[in-house]
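First chain A sits with chain B, and in the next complex the same chain sits with chain C.
After this line comes the complex of A and B, so read on.
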């Protein structure tokens, strides 16, 4: 990935998460590496089952190590989080790395007021008086854009709208000034106008606090708008990795092409959508070779044999057996005939 | 997606459709009720062979409208006229023969299929219920093949299929009786993007083959634009704008439509982003006047000392237009006047 001199916050290398089940081993994440810098928003994009959420949960130590085979390294602040004890992890979670989820309501206890839950979160990590904590919470609620924060302090989660619940979850994530915020589909459950508000808020927080943000989403539009770098995941592997601008301008993996060609665009009036044939593979019985080859329009002999690795020499990497020049040519051709009905 | 036979006369005409849900205000059963005004005085037409998109955010009443049309719900007021017959006043018995003409595809391909029935039973059920004679298994197999399912999977259960395949089963069931109108309620929202395109393309092919008319409901503005000939935008139970898709997306006249379009992420040619403040008001207590006025950037731009223009606060704007472009706004964004609303709004 593009090397920058800014502070490197997180370094994930060769992370694999295999989950044994009765039917076989689910290779949820199968060897991924990336880095996150301060002030960077990194998008992780993929469809359901691509491993994007599991990889983030593993970083936070939220995947039970007794029931999963986890390998690789997750270096934060000079130490490997995969080696950390549960109590060390507890200090990292919330204090150093926070996470927000798709469904904010599920993250809030329905029987306590939102304010009390935030006070509790402060006092879990810090020995302060309730009154002091309360003042901080009101200030924080105000900062994340909850109107009449002082009155809203005593409201219960169900009295908040979906957008406000997500704001409260963001407030909770920010309580102890984390350096990394992991947002797992933070706007998927929200309406488009509220989504715009929440993305704007995350952007503002990132700028003001100079933290690193990992944004997990299936929505390419969101990735394009708010991230600087992006990982495209398929069947537990990274298939493409690069700066967001480069990936959107010149995508290099046939799966990324497929994703981009299968979403309708607001600006384009009529265009046949080129669907990706078939369905994502079972993570227990992955196809041999490149996991995408059964659905790939460009697959040739050999794709079903060896598994392609990311071309490490480049900033903008893809894991594909096709020669780079061929891929560039094919993408240019595909882009020139957008209305081709090749489905 | 327009079929060859698109004509101008409406196949479906909705007039003043209204649905209020009344609920007890307190779980303790104290006196008083609240009324959720889900759909308020909604009128539109769907022409034979076209796709009318119905778009809006959650709680705007789009799904309730769909359910009123297929009579899964009974309307509080208003009429639903299908092919010249007022179906909202028909008895259930009298309506039954018409049901085969009006079918629905649901969002959730998991929840809308009986897990204990085989695909053959699910897709074949409409034949049995409507008493259609003939080679049921043959008909079902043909239908399965047409929607891209393997007819040999006749005896499999829904859980043996992926999400996209399950939605194909839902499509096959809806098409079994050769309906004329299909109400699609968020048919691709639960699917992964690569699968969404498969289903959208399938619906488009089927529309041409079977001369179908679609009412296509979705919160996804890009999908709606892709499939629709005309689009209606709903807000808080009302239609605020109704126009040809290209006109509505290219040059929105209602400030809400404009804000909604600007909020869609990932646009290459960035529109100025209008981030609306606040949340959608509760439909139990909708604002007086224009339902959008408390959040409306245009009303704020025109505001005087008393806040938004008085008319916006007191009088509900009717949906007016020439039949092609229709907008419900006292100060629509037309020509240069639209700039006034844009200039003062927050941009990213």
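After this line comes the complex of A and C, so read on.
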């Protein structure tokens, strides 16, 4: 069967990552499932500490497997990456699935030239001459928008600007033509103007190469602009999951409402921006029932008893005890009313 | 760069000058007896003493003696450059003593450095990679032993076992490499090992600590995400970043040993610079003491300069200015 642009690239099911620490077991990721198709950008949003990074790192086996308790399945190319040996994972990393990180400066080795670091990425997977690899690197650096790429090849990371560092990281991730790009907050450390450029670059690459992109971000505006599907994570779990259009049109989880009200989005005509009250819970001692209930404006009796599962609809799911009809009604009221009136 | 080096060399001269001042001050201010009396024979007459005093130049004011010493050191005296004067005790030029002793000390240092670098870094990497394993504990136990074992005790034990009991190695003394490379080597194995042990221990701990810290850096995660083997991640990306501070420290450690390997040199009767310094001090032989101190000080400041240059070379973020 020829691969179509909607070929399923990655299938994550019931992924849980528990990290033992001195104070107890951190349930960083606690049973998440999603799929990623070719040509799709999947957004993952959630507050700091909700398990976004850990879930992404686990896909590539970059969480220390000796100390972490990892369960579930991560099916790529017909096999489970969680069961893969270290050398099998090595073939996948940077070759079929690549990852870029939040802080490009910290992510580049300070003592090697940028060009050499990219050449190394090629030669980790392919037996090519240094000279040939170098040509490919210069070409790709040029493509990702680094001016004077040939001269810049031998520069060190500290001689690059922040935006250029992230472009170099993107080039490093793409150099072996991967099928999946995982971008963990790729723009958080950058200036606002540069942020837009980097996101555009990722978009362009996704379109041209028809790869699957997982984009982790804090920024719902970014999610709306560039993703097709979105996962909203809270305390290691998915609380809402659906097509970006549906989630933005009718968010179904009180946590998502809070996120939307905390940022300036045109659709949400609340007069004031409000942060969600309270802080994310400890992942060692999670609240009983729904982990969000202590902060939830809509919490009622029973929210602290059972843990809500994602409801079983195909395209747009949320994990909340409120009846679906109630949720729709409450959101409609909330978005019309001024912020403080709904408190 | 050239600018930087010239400025640093001027600084080197200033430091050396300060060293001479301090040593002169100590020698003349602390009551230690009159060297002329000490070196004028068993039962010296007034004339003998005066004669010796004149011969040593001690009849001149201190500042004249000092000025002469400084001048000779920088431009040389009748025995050549650097002018280090004349030993009170043996009545021979100090420069000759230093030239005889220097290759001995340098041989000792060179071999010890090779051993302690290989052993220290090797052990450090192993215990960092196998953190908390029995291997790590064993290595760190060794490191504790290494820093705390007294050099003379260790030296004597080695001599007893490998020379006296087993007869595998020659005993004390030194054979120049030009005479017999094999004997040179055999004579130095034990001194090298003894001298290297404490440093190997320190370097092992340092390598382990640096490497563990480096392995937590983001760029290590990037290296793994590229699909590099763990071996390459550790030995190239991790070690490269961990070694920079170690290499720069190496220069200073080597320099200190130029006049500072006294115990090892004494236990194995190597008669290097440290040994000369010791006899010089014991005999209140100011020129000899000064000579070795000056050579040692030169080594320290020059190796310090080289360490800084090496640092700038090893870390592209560092700019010499």
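Keep in mind that, in the parts below, the second predicted complex is superposed on the first by the 322 of 343 C-alpha atoms of A that agree within 3 Å, B and C clash if a C-alpha of one lies under 4 Å from a C-alpha of the other, contacts with A are read in each partner's own complex, and residues count from 1 in each chain.
As a convention for this text, a residue touches a chain if its C-beta (ideal position, glycine included) is under 8 Å from a C-beta of that chain, and two chains touch if they have at least 3 such contacts.
Source: prediction; values computed, not measured.
Enquirer: Report for A:107: first if it touches chain B alone, second if chain C alone, otherwise both or neither.
Expert: second
Enquirer: Touching A:60 in the superposition: chain B (first), chain C (second), both, neither?
Expert: second
Enquirer: A:47 in the overlay: touching chain B, chain C, both, or neither? Say first, second, both or neither.
Expert: A:47 contacts chain B only, not chain C.
Enquirer: Does the superposition put A:95 against chain B (first), chain C (second), both, or neither?
Expert: After superposition on chain A, A:95 lies in contact with chain C alone.
Enquirer: Which partner does A:263 contact after superposing on A: first (chain B), second (chain C), both, neither?
Expert: In the superposition, A:263 touches chain B alone.
Enquirer: If you count the residues of chain A that each partner touches, which comes out higher, chain B or chain C?
Expert: Tallying touched residues of chain A, the top partner is B.
Enquirer: Output check: A:196 vs chain B and chain C. Expected answer is one of first, second, both, neither. What do you get?
Expert: In the superposition, A:196 contacts chain B only.
Enquirer: For A:152 in the superposed arrangement: first (chain B), second (chain C), both or neither?
Expert: In the superposition, A:152 touches no partner, neither chain B nor chain C.
Enquirer: Given the complex with chain A, which residues does chain B contribute to the contact?
Expert: For this pair, the touching residues of chain B are 57-58, 162-165, 192-198, 200-201, 219, 221-223, 225-226, 245-246, 249, 259-269, 273, 275-276, 278-280, 348.
Enquirer: Given the complex with chain A, which residues does chain C contribute to the contact?
Expert: Those residues of chain C that touch chain A are 217-219, 221-230, 237, 240-241, 244, 314-317.
Enquirer: Okay, in this complex, where on chain A does chain B touch?
Expert: 47-48, 147, 161-164, 191-197, 199-200, 218-226, 258-259, 261-267, 269-277, 279-280, 343
Enquirer: Tell me, which parts of chain A touch chain C in their complex?
Expert: On the chain A side, the touching residues are 57, 60, 62, 86, 90-95, 98-99, 101, 103, 106-112, 120-121, 124-125, 156, 158, 169, 172.
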